[in-house]
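Following are the structures in question.
Look at the two complexes coming up: subunit A is in both, with subunit B in one and subunit C in the other.
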Partner chain A sequence: MKALITVIHLTLLQIIKSKIFYLSLVLSLFLAVAVILFSDISLGQNIRIIQNFGLAGTFLLAVLISILASANIIGNEQQRGNIYLLKTKPVADLTYITGKFLGLTFGLLIIYLFSFLLVFAGASIFYEINTTQIIAPFVLSFLEIAILIAVAVLFSSFSTALFASILTLAIFFLGHSLDLIRSATTDSGFFLESVGQLVYYTLPNLEKFNLRETISNLPNLPTTYYWWTVIYASAYIIFCLCLSVIASNKREW
Partner chain B sequence: MQYNIITVSKLSKSYRISLNSTFQALQDASFTVQKGQIVSFIGANGAGKSTLLKVLVGINKPTSGYVKILNHSNDSLYAKNKIAFMPENPQFFSELNALTTLTLLARFYENGVKDVGEILRSVGLYEDRQKPIGTFSKGMKQRLGFAQCLVGNPAIIFLDEPLDGLDPIGRKELKEHFLKLKEQGVTIVLCSHILSDIDEISDQIGIIHAGRLLSLTTPKEFKQHQSLETAFVNHIKNFK
Partner chain C sequence: MIFLFTGVVAQIASDNLFNQALREARVQQILPTNFFDSSVLKKINLNFNKATADYIWLSTIQYFGGGNPNLPYESLSQMLFTVVELDPKFEYPYLFGGIILPWQNEPEAGLRLLDKGQKHFPNNGLLYYYAGFIAKLNLNDSERAAGYFQTAVGKKDTPPAARLLAGISLSSLDDKQFAKTWWEGVLESEENESIKERARVWLDYLNTTIELEKIIQLAQQQTGQKISSLQDLVELGYLIKLPQTELGELEYDALTGRVDKVN
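Up next is the complex of A and B:
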């Protein structure tokens, strides 16, 4: 447990002291100003624009930072050689991978929460924002980011930082297009249909976490939907981390 | 009492370099190291010294053979609690400072030191403890690389080119450090190109050439009244 906490601590410090962290703070500030200014030219739809633009903006910023930070911290650690610092310490692969994942996730939670609060607290000075409407999309978006971090950790455990970033970005786009992929490949021959099915069932269905676009008329989703989404995210994260441990164990450093 | 703290048996390591060819970096190395000894491996560039150290500390897995540290597999957590490794050109988390880095690394060990300040003082980095490691010179990183080896109170320290990049004073201080650790019963296994330094401190010298451990013997036996450099060159020539 002490080793796990230390890996988390080390990873969190790496995030907080990195240039990416400060960049994300500055971008959050720009985003907050942009959302408020943009809402002013929206012909009476100010609150709707703030909610839609604010949620999408903070989410995309967090996705970008999560991919960059994961690849930077894990990938570069391996490429530069400071992996030897940890690999020769009494730290099991499972502890190392889980610690890195949790450290990155906590770090990204800080960044995401900061930009989210900055945008919506800033906007609430000028407009009356319905906070209950934006909490659920925020929580589900954060779960999506946690999945992307786990995917980035997996790719970093057997490839370079750059390649891991590209693959994670690809998963992000594919994960939001799974329904489209499945319907496009249905009735298009055995091979394509099988590929479509394989992609549909193996990649994370990230649309399940997307309540951002329906924010203005948020559907009355049952509580079980949220629980199942949490279970789905947790299962996918555990699956990715288990594969990462296997890949890390097999890797030559 | 002297006993074998490291046992290496028929250790081989090969790397796949293309689909149908492999590179044999290490071949059938067998030896033992006794507690409290300083054992140095010398060899030309690419001879297999760094590979040997990486396999010994469990970073790379052997293709065949095994390594036992205190009768435990070298990749067990028990063994990792007893060893420390300084790689060639040690790299750190450049955004963190030396004090934070060592404090966190010490927490991984069951028997980790509580006050890393003393270690930083002993390697001459105490004044720079709050500076980001990214601003350190090569020599400072080298000293920090050695310092991080001490945070877990290890029984065995593996060092890959530890004297590289250090000025004469730094080299002298580090050698004195090695001898002090040896007095405390710590075993040191290192590889280096600087033969004069190795000659001064080693109890055993191993010659590695083309992935083979040609000999492992005391400096006196190895040199036979020659300089270490001459003895080393002759040894390699005779092998060829």
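Up next is the complex of A and C:
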């Protein structure tokens, strides 16, 4: 437990001291200003523009930073050789991987929360923002980011930082296109249809966390939906972390 | 810094030259219209439909607001349809298109957009109200206009004048009795005095024209003569003088058998 907390703490410090962290703060500020300025030229649709652009912008910024940070922080440790020093310590792979994941997740939560508050708190000075329509999408979007961090950690455990970033980005695109893939392979023969179904259920279905599009059309989503989404995210994260541990064990250091 | 400054100056110069060429060629802003195909956008935007719709909406405002008002805005209807296809619950583009597209000589597109909006916002009376105007003024379709205005009455945001406009549209249709019933309802239930006054005027007009049409039929049956104008009724003694209404002089169209006010 002590080792886990140490790894989490050190990972958090790595994120806070990294250039990506300061870049994200600056980008958040630009995003907040841009969203408010764009809303001014929307012919009276200010609140709508702030809500949609704010949610989408902060989310995409957090996704980009999570992919870059996750792949680079673990990749850099391997490149600099710090990982070899760690391997000599009595720190299990599971502890290391879990600690890295949790540290990255907390760090990204700080960044995402900061940009989210900057955009919406700034906008609420000028307009009345409906918080019920932004809180739930924020929470589910964060779960999606947590999944992407877990995927990035998995890919980082057996490949370079650049390759891990590219693969995680590909998973992000695929995760939002699974409905398209499944519908494209439906009625295309048994083999293709099976592949489509396999891909649909194996890859992380990130659309499940996309409440940005549906919250206004489905304001009364039952609480059980949110619980099932949390269970899905947790299961997938644990699955990725387990695969990371196996990959790390098999690797020859 | 010198190179950056040079780049900025070059960009300003090229933008000015390009815009000047557009003005001289009398061409509206060049837009990649294929980009505004909603079916394509939905496939590539990773389900960021609302944000994409908002982006296209902002582009639409810049296109319309920043363009040359003396030239047609050829991409406007496509952009508006793309916005509402990406986010059907975005209300304002339906209303915007309903007002602007008829002015751009695209009344049918405006009507299609409003019809689309009515499916998603069935309680927004303005969508029917604007549709009624397009049907009446641009398409000269009184029947369709009457339908829209009648539906608009009583809905949210509908101006009180909708009742008047429904009645006026109904009054130009074949079924005058129905129009008369409409005006009687307005007179009975309307609280706005000016609308009540207009209803009274139109009811009086309809009563007069209905009576005149009955007198013409009677005269034709009794005399065996074809009545060609209201003056004939005066000459035959069925009327003392040519009737007048507050809406103006009346005339008889022998082809349709209708008595209406002179346009």
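One rule holds for everything that comes next: the second predicted complex is superposed on the first by the 247 of 253 C-alpha atoms of A that agree within 3 Å, B and C clash if a C-alpha of one lies under 4 Å from a C-alpha of the other, contacts with A are read in each partner's own complex, and residues count from 1 in each chain.
As a convention for this text, contacts are C-beta pairs under 8 Å (C-beta built on N, C-alpha and C of every residue); 3 or more make two chains touch, one makes a residue touch a chain.
Being a predicted model, the structure only gives us computed values, none of them experimental.
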Which superposed partner A:Val91 touches (first subunit B, second subunit C, both, neither): first
Partner chain in contact with A:Phe173 - subunit B first, subunit C second, else both or neither: second
Which of subunit B and subunit C A:Leu10 touches, first, second, both or neither: first
Partner chain in contact with A:Glu207 - subunit B first, subunit C second, else both or neither: second
Touched partner set for A:Gln45, first subunit B, second subunit C, both or neither: second
Subunit B versus subunit C as contact partner of A:Ser18, first or second or both or neither: first
Footprint overlap on subunit A, where subunit B in one structure and subunit C in the other make contact: none
Residues of subunit A touching subunit B in the complex: 2-3, 6, 9-10, 13-14, 17-18, 77, 80-82, 84-85, 87-92, 252-253
Interface residues, subunit B side, partner subunit A - complex: 15, 54, 57-61, 77, 80-81, 83-85, 87, 89-93, 95-96, 100, 104-105, 107-110, 132, 148, 152
Of subunit A, residues touching subunit C in the complex: 38, 41-45, 48-49, 52-53, 55-57, 173, 176-177, 180, 207, 210, 212-213, 216-217
For the subunit C and subunit A complex, residues of the former touching the latter: 43, 46-51, 53-54, 57-58, 61-62, 89-90, 92, 96
